[in-house]
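Next up, some structures in structure tokens.
Two complexes are shown next, each including subunit A; its partner changes from subunit B in the first to subunit C in the second.
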Partner chain A sequence: MLYPWRGEFTVGSIDSQIAIDTLSSKLDFPPESVAIWGQHKTENLGIEKIVANVVSNPNIRYLLLCGQEVRGHRSGQSLKSLHANGIDPEGRIIGATGAVPYIENIPPEAVARFREQVELIDMIGQTDEATLQKKIAELSSVRKEPFGEPMVMEFAEREKSVQMKSLSGKVSLHKDLLVDPYLEIGDMKMEAQT
Partner chain B sequence: MMSFSKEQRIVELGDVKFGGQPGELPTVLFGTAFYGKKYANPDAATLEEVRAAIRSQEALSGMTGNPSIVDIFLGDEESMTARIELVLSEIPAKRPFSADVPESEIRMAVLKHAHEIGISERLILNSFNLAAEAEELEALKDNPPGCAILLGYNPRDFSVDGRIEMLESGAGYLDKGLLQFAKEFGIDNILLDAGATPFDHSAAETLRAIPVMKNRWGLPVGCAIHNTVESWLWMKQYRKEHKPEYLTCDAGSNALPVMLGADFCVYGPIRNAGTVFPFVAMVDKFVGEGAEDYFGVAQGEEHPRRKLG
Partner chain C sequence: MKVEVLEATKSKKMVKDPSGFFTIFVDKERKEIVVEFYEQVIKDKAKKTGTGKLGMVVCGTTAEAICHTIAREDLVSRFDHAAYLGRELQKAEIALRYKLEYTQDEEIIFKLKK
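Our next item is the complex of A and B:
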């Protein structure tokens, strides 16, 4: 199982059904009670990692959103919108007010599963650890079944190009070294041979 | 170290010039003020710190010759007027200022406010990007800023071509490219931002895009490459115990775009000006000397190459 995804977070108990997004606040929790927690800065790549982590661990059934909102990015509001509304055909999170709220690197199926798998608990603005721990205890007492099998995905592999294209003009680095945008790899080899 | 066959436009805004061939003009440095929680409800001492940082950036600019811009972070409408007023009271009368506004609604408010108080010509909008919807496009048309930074960030394609597509065609997010919209809105002064992305998200394509964009459009190009360092996972841990080393990487990252032809750097918190200005001035000296030695591109007396003997 590919879990957890690379990111800035702390992993607690894999059996816990609670994940916590602390937004811009640095908060700590008992590792035996929480599956994974950490800060979350961006309304696009950051949310993609949270979704990937949630769907790859079917034990996670609650996502607790707390801590101070990320100014400008509105990452908490964007995550809430994703959970409530999903994405439009262009990948934009419906209803998100963050700067660039687009989900582009994970498949729509992962978003759909995320929305179904977890119940989102909105405590944005709450940073009091005692209050949050009370909530964790409350959620831990309401046991839910794991959400089927883990959904494992690779981030979308981007198409790699082997040549620069669609450019005009040349960039001169030295009289013997011209970056020619029209030069193809094959031609470069030919030039090297002559 | 390099020269473009494409003519390079120089954008002149008040007393600041951007662009030209590499080494022709000093790199313009944008330091961001008011970013962070401590500025949400600032007390008098915090505001004085901001003023001091702006003055310090201005002094470093005067010393090195690298023009400075204050980039004002605006995360809500309530603090907008006070922040802009504070900055305008500290910078020279002809100096433009930049508004770093992540949210569309606040961007519209800034455009309107700048128009109402007659400072649109000094406003650099940071940034005009794919998130602009119909209402914001209308606001840009009604109250165009003196200058706009067009962001080449394309969440679907982080390659150089993807970034170019955002500027040229809207990449499917907008009906037209950001460049075409800017032209239609009468925004004559354009700066292109290559759109820094994190490591493992084609970070190097940010740098590659710089000479490619300059070569394609002949417009001033830059980026906020410090964001790549800021989001570097390993560094997030390391910096906790090694702040000076982090600041070295943070400032040093600005050498990379400048070596590839960048005309401006958005270098992050303005409090870091003390590290960034001498560093970029040094890189400008290398680039300027290389441009004159090989391509005959001379620098004025205000260039770090001439000012810092």
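Our next item is the complex of A and C:
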């Protein structure tokens, strides 16, 4: 399933090899040229969503980082650090200078896959649409092979915490990587087998 | 009968809800409001900062139904947090219904009719 973790992003062409993170800037792109794009505010949950969605589409081979950096969170710098250095055993993004740069909801395997799958293009601070479109055209002309299969996810029921008195309906239950929080558990199992 | 009349004032300090926190957005494609509930995960005990572990996702088209679901699931433990959620979800519902942009914690920008 493509882009399993819903968010405030726009989906373009499934075949495009470019994903764009616009950080705090609101920018728009030609949907036929870009696979997925959107803003990214936080150095933890926001990065997790990007990673989970990128590894679900092996066609994405470039991640273009642009727009204005997010103050305090330093989400762009944190994503760059994740791509360059990965995470330590506690889930902290190595070298990130954001306030709370921790990976909590996705497994290290997803991070490793993300780092291998995409080449990160650092254009932080750039908001000029003509300049960005030129870069998109340039990246589109250098075709890379898809990165194997979409990442295989494992599903396991998560232990209920004290405050989770009931878990039913449209709920995500996961121990490892989240798949589709909007699928029922039975559907999740079917999804995992396909 | 004497009834005290208070002037409303904003609290200066936000107190975190130990139950967790929420992110709210409008899924324009599926035409619904999506609320993600995260349990607090403290990473820096001294600064009391941390991230969240995704615990539940509630989807719906009205603030009322989402608020009722959140209350039934006992996801909120503070009155001020519940009131905040009510305000944000009502904004999200208005944005969804009238095709406006919604960003959590930001004002909705209404377009005046000419």
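What to note about this one:
Here, the second predicted complex is superposed on the first by the 151 of 194 C-alpha atoms of A that agree within 3 Å, B and C clash if a C-alpha of one lies under 4 Å from a C-alpha of the other, contacts with A are read in each partner's own complex, and residues count from 1 in each chain.
Everything that follows uses one rule, which is that a residue touches a chain if its C-beta (ideal position, glycine included) is under 8 Å from a C-beta of that chain, and two chains touch if they have at least 3 such contacts.
Nothing here was measured: the structure is a model prediction, and the numbers come from that model.
Of the two partner chains placed by the overlay, neither subunit B nor subunit C lies in contact with A:I94. Of the two partner chains placed by superposition, subunit B and subunit C are both touched by A:N44.
More residues of subunit A lie in contact with B than with the other chain of the pair subunit B and subunit C. Of the two partner chains placed around the shared chain by superposition, subunit B is the only one that A:S24 touches, whereas subunit C remains out of contact. Applying the stated contact rule after C-alpha superposition, one finds that A:A137 touches neither subunit B nor subunit C. Of the two partner chains, neither subunit B nor subunit C is touched by A:I14.
Judged by the touch definition given at the top, the superposed model places A:A112 against neither subunit B nor subunit C.
When the two complexes are superposed on chain A, the residues of subunit A that touch both subunit B and subunit C are 6-8, 44-45, 90, 99-100, 102, 104-105, 161, 164-167, 169-172, 174, 181.
Across the complex, subunit A is touched by residues 19-20, 23, 25-27, 29, 34, 36, 38-39, 41, 43-44, 49-59, 69, 72-75, 77, 103 of subunit C. Within the complex formed with subunit B, the subunit A residues making contact are 6-8, 24, 41, 44-45, 68, 71-74, 90-91, 97-102, 104-105, 158-159, 161, 164-174, 179, 181.
Of all residues in subunit A, only 6-8, 11, 44-45, 90, 92, 99-100, 102, 104-105, 161, 163-167, 169-172, 174, 178, 181-182 touch subunit C in the complex they form. Of all the residues in subunit B, the ones that touch subunit A in their complex are 1-6, 35, 37, 40, 73, 75-76, 101-105, 129-131, 153, 155-161, 164, 172-173, 198, 200-202, 211-212, 215-216, 231, 233, 236, 294.
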